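Below are two complexes that have chain A in common, paired first with chain B and then with chain C.
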Partner chain A sequence: MTTTIAERYDALIEPERVHGSLYTSPEIFADELEQIWYRTWVYVGHVSEIAQPNDYVRKTIGPQDVVMTRGADGEVHLLLNRCAHRGNLVCEADAGNSSSFRCPYHGWTYRNTGDLVGYPFPQGYGGRGKLDELGLGRVPRVAVYQGFVFGSFAPDGPSLAEHLGEAAGELDRLVRLSPQGEVEITAGFLKHRARANWKLLAENETDGYHPQFVHQSIFSVAESGIGALYGEKSTAVTRDLGGGHSENDLRPEFRRLAAPMGWFGTTEKKVPHYVAAMRERHGDAAEEILVEGAPHVMIFPNLFIAEIQLFTIQPLAADLTVQHVTAIGLKGAPEMNTRMLQQSIGSVGPAGLLLADDTEMYERNQAGVAELRPEWLDIRRGVGRESVDERGLTIGGATDETAMRGFWRHYKRLMTTDRVAAGTAAGTPR
Partner chain B sequence: MNGQDIRRIEQFLYREARLADEHDYDGWESLWTDDGLYWVPAGGDDIDPTTRMSIVYDNRRRISTRIKQFHTGKRHTQIPASRLRRVVSNVEILGAEGAETTVEANFVLVESRERGKEIWAGRYTYRLREVDGELRMAYKKVALVDNARVVPTMSFLI
Partner chain C sequence: MPVEVVGNEFAQVAVSVDTDANSPRLRIEDLRSGRVRFLDALELETLVHLPEGKLQSLLDPSADRWREDRE
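Up next is the complex of A and B:
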C-alpha cells in the first residue's frame, strides 16, 4: 500500500471542490458507516414518541434497525432489533407499549432495557439464569437534548454537548416557540425514497442557492415569501456552525420586516391564542421570538429542522437514502399545530409541492455524478465574501456554499482521524 | 342514483383515470365539486388527517394550487411527465347519502420514468355528487397498499 486511507480522503476533498466518487463508491459508503454513522452522535428520535413508561418505537441508525424504548423507570434506551440467540427480529411492530420483547422464533424474552429475562425449556442450557451475559445489542451511548434523542455506537468520545456545539442553540430556539418550552413529534412520518447519496440531501438542506430555481414553480403560484429570503438582495446569512452543522439564518430578514408571525407567513390575528400564550410565557422577549421564528438548521449528519418540519436522513447505500419527515408540534399550541401540520403535508414527502422537486434534483445529481467527466463538484460559491461573526463562526451570503464547505471540513476530519479499528461492535467487515 | 347507474359511475371513473394518466390537468380539475377533498393517507388507511401526516391532503384550493404548479412548466418531477397507465376495477357502490354516492374501486398503476418503473396499487374511495346533471367528485381517497412503507416521489395525479 502506497497511500494511507487518510491520504486518500485528503486527495478527494479540497476546500473548494470535492471528488464525485465520494457520492458513488460503495467502499467509501462502507467506510462512512464505520467512521460516521457507527461512531459520531446520530439523531434517532424524540422523547415525545415514547411519552409513557414502556412505550417503544422502531427507529434507525443508518441501515441498523434500532428500537427506542422507555423503561418502566422512564429512562430511554436504544436497542438493536436482533435476538441474541439466532438473530431474529425481536420487534415487528412500528410502535407500541410493552415492558418486554419476545422473539417469535424460539421465544427468548428481553426486558425493554435489553436484558435477557427468559428462554423456554431452560434445561437445555443447564437451567435458568445461565445466559446472563446475553441480551439485545445496545447503542452504547444515549443522550437527550431538548427532548431530541441521539445515539452513538462509540463507547466513548466527545459528549453530545460537544458534538452539538453551536447547533445546540438552534434547538433552544426551536423549543422556545412552544408556550410550554417543548416540541412534540406525534404526527407520524412520511418515508420518501431518494435514489441518491445521503450527502446530497445533507448538503442541500442549507443550500440557499437552489430555492429560486428548484421551487420557482410553487413560489410563483402560491403567495410565498420564501423565495425572497434566498435572493441576491436577502440579508439572511448562511452560517457554518462548526462540527459539520450549518444553518440558514433568516433572522436578519425577519427583523427587517418586523412582523410577528411573518416567519410563518401569517399574522398574529390568525393565531391569537398562540400569540397570547407566548406573550404570557415570555413577557417582553416574546416580541423578538415571534418575529424571528424557527431555525433552519442541519445538524450533522442526519437531523434537519426546516422551521416547522423535522427530517431524518437515513442512508442505506451509496445511492439510496430515505428521508423520514414529519411536522413539528409545539406543546401547548394546538392552533399552530393544525396549521403547521397542514402546511407540512402540502410541502414535503413524495407528493409535496416543495420537496418532491428537491428529491428529483438529488436523483438527477446522483445520475450525473456517476458520469466520468468532469470528476469534481464545485463548492466555491461565496468563498471571496465570507466573514466571521461575533461568535467567531464563518458566515456567507444567503446563497453561498459556506455550509457545504463546513460540512466537508468536518466529514474529512471524521474520515481521516482516529480511524476505528476493524471489527468494532457494530462494524461491517472490511 | 341507484344500482342501475353502475355503468355511468364506471364510465366516470374510467374517464377520471384517463385524464389523470394523460396529464390533462384542467380536465381532471373540472371533475371536482367546489368543496372537493383529495386525500392520500400515510402510515395506514384510516389515520386522522388533522393530526397525522398524509402524503396528500388537498382541499379544493390546494388542488387548484397543485394544478397551477404543473402548468408553470417548472414542476421538475414532472418534466418530462411520467408515462402512466392505470387499470380501475372491482367497482362497487357502497352506499348513498343525500345527493352523494360512495363508490370504491381497486387500481393498479404503472409509472415509467427515467429512474425506472414503479408499480402503484391501492383502493380508491369516491364520493360522487350530481351537479347540474353531471357526476362530480366531492371526495377521493387513495389508500395505497404501500402507504406505511418507503415511497418514491409521486408527483402525478394518482
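Up next is the complex of A and C:
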C-alpha cells in the first residue's frame, strides 16, 4: 500500500515537470492534508495579534478552525474550535478577550488553555468534576520564532528551528527593520478566495518570471521600478532555501543601486524619523539594512512575506483556497507603518491591483490544468544556469524556476517517505 | 452615572458606578438576562486579590447558575 502511494507520486513529480492532476485530484488533496497540513509545522498567527492576557483570535490550519489564545500567564495556546460535548463551535467572533469560552449549545465552559471548567446540571454525569479528561482539542505542538506562531498536529517530529532551516534568517531580516526589533500584525486581515489549488499560490509567491506580465498595470500606474528587479538583466537571484522554502533575493540589485529606502520605492527624506531611529539602534549597520530592505520569502507551506505584506495560504479543497492578507507593521515605526498600510491597501486591499492580478492568474491556471491535454506543467526554466552559493544553497536567475523545483522536491519527500501508518498525525481517524 | 458596556461574544454586561447608597458601589447588569448585581468596595477589592483558580471555579456553569438542586 505504502509503496503504491510512493510510486504514484514518483510518477507524477519529475525534476523538471509536474503532472496536472496534482492540482485537481480530490484524493491527492486529502492526502496532502494528512501528509503536509496535519503533520509539518504550519504558520498560524503572530503574537502581536494576542498582545494582552486572555486575548484570542480565530485562525486556521488548512480547513481546521483554530483559536489562538494567550493565557493569563502569557503562554500561547492553539485550540481546536470544537466543544468536547457535541462538537459545536465554541468561538464565533474573529477576535476577543476572555478567560473562558462558553459553548452556546449546552453551556459547557472551557478555560482559554483548553481545560474544561464545567458543565450545567452535573448530576446527569454523576456530579461535578467527572469529565476532567474532556477539553478542547489542542494542536499538540506550538512554537514561536521572532513572534511568528507555528503549530504542528504531529506530536513528534522535527523542531520548528529544523523546519525553518535557512528560512529563519529571512524572518530575522524582517524584524531587524523595526527600530525595536519586532514586527506587529495589527492591521486586520482581508480574505481573498481563489478557485484554485493552494500549490499554485505557493509556487507563484517566488516566481520571478510573471511580475512584468501579470503586474504590468500596477507597475505602470505606480511608476514602480519593481518590474525591472525581475528582468533578465537583474542581478537578483531566486534561492531554494531547502525544506520547500524559497526566496526572491533582491538584495544584489538594491546593493548595486545603493540607495537607502530604495527597496521601498522612497527616499530617506520621506521617512526621516524612521531612518533616524534605525541609525540610532543599529549604528553603522543601519546603512546596509536600509539599503537591503525586507525579504521576499515563501515559508513552506503557507507563510509568504512579501516585503511589507504578510500572506497566509489556506487550502479548503483541491480547487479552493483562501489567501489571508495584511500589512506588516514595524514596532516603533509609525511613520513607515502608515505608508506600508497605504501601499498594502493599494496592492492587496479589496480594490487592490496586485493580488487581484495574481488571483486572476490562479483561477485561469486552475481552469487550464483541468483540461486533459497536455498533461504536464513545465518547470525547467533556468535549470542550465543554476549555481550553488556560499551557503551551499541552489540559486538561479531572477526569473528562473529554481524555487518551484525546490518546492516540489520537498513536497515529493513529504508525500512519499515516512508516511503516517494509520489514521492521521492528529490522531483522528477519518 | 455613565454606563459602559463590557462585552465579548460570550457575555455582555453594563457597568456603572451607583451613588444611590451611602457610599458608591459598582452596578453590573447582565444585558442578556437583565439581572443586576451591586459590588461594594470591599467585594471589588476581594475580586482583585482572588486567586486565578477561584475565579475560574466561579465560571463553572454549574457552580451557581445552572443548578439542578436549587429551589
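Following the convention adopted for this analysis, the second predicted complex is superposed on the first by the 419 of 430 C-alpha atoms of A that agree within 3 Å, B and C clash if a C-alpha of one lies under 4 Å from a C-alpha of the other, contacts with A are read in each partner's own complex, and residues count from 1 in each chain.
Following the convention adopted for this analysis, a residue touches a chain if its C-beta (ideal position, glycine included) is under 8 Å from a C-beta of that chain, and two chains touch if they have at least 3 such contacts.
Since this is a predicted model, take the numbers as computed values, not measurements.
Enquirer: With the two structures overlaid on chain A, would chain B and chain C clash, or do they fit side by side?
Expert: fit
Enquirer: Applying the touch criterion given at the start, work out whether A:Gly346 contacts chain B, chain C, both or neither, answering first, second, both or neither.
Expert: first
Enquirer: Look at A:Pro122 in the shared chain and tell me whether it touches chain B only, chain C only, both, or neither; answer first, second, both or neither.
Expert: Touch status of A:Pro122: second partner only.
Enquirer: Tell me the contact category for A:Ala72 with respect to chain B and chain C: first, second, both or neither.
Expert: A:Ala72: touches chain C, not chain B.
Enquirer: Mind working out whether A:Arg256 is in touch with chain B, chain C, both or neither, as first, second, both or neither?
Expert: It touches nothing on chain B or chain C.
Enquirer: Return first, second, both or neither, reflecting whether A:Gly188 touches chain B, chain C, both chains, or no partner chain.
Expert: first
Enquirer: Once the shared chain is lined up, is A:Cys91 touching chain B (first), chain C (second), both, or neither of them?
Expert: Only chain C; A:Cys91 stays clear of chain B.
Enquirer: Regarding the shared-chain residue A:Arg102, is it in contact with chain B (first), chain C (second), both, or neither?
Expert: second
Enquirer: Measuring by CA atoms in the overlay, how small does the chain B-chain C distance get, in Å?
Expert: It is 16 Å, taken between the nearest C-alpha atoms.
Enquirer: If you lay the two complexes on top of each other, which residues of chain A touch chain B in one and chain C in the other?
Expert: none
Enquirer: In their complex, what parts of chain A are in touch with chain C?
Expert: Residue positions touching the partner: 72, 91-93, 96-102, 107-109, 111, 117-123, 128.
Enquirer: Write out the stretch or stretches of chain A touching chain B in their complex.
Expert: Listed in rising order, the residues of chain A that touch chain B are 94, 186-193, 195, 214, 216-218, 220-222, 322, 325-327, 338, 341-342, 344-346, 349-351, 353, 356-357, 359-361, 363, 367.
Enquirer: Can you check the complex and tell me which residues of chain C touch chain A?
Expert: 8-11, 52, 55-57, 59-63, 65-69
Enquirer: Which bits of chain B are touching chain A when the two form their complex?
Expert: Interface residues on the chain B side: 40, 42-43, 47, 49-58, 62, 65-66, 68-69, 72-77, 114-115, 148-155, 158.
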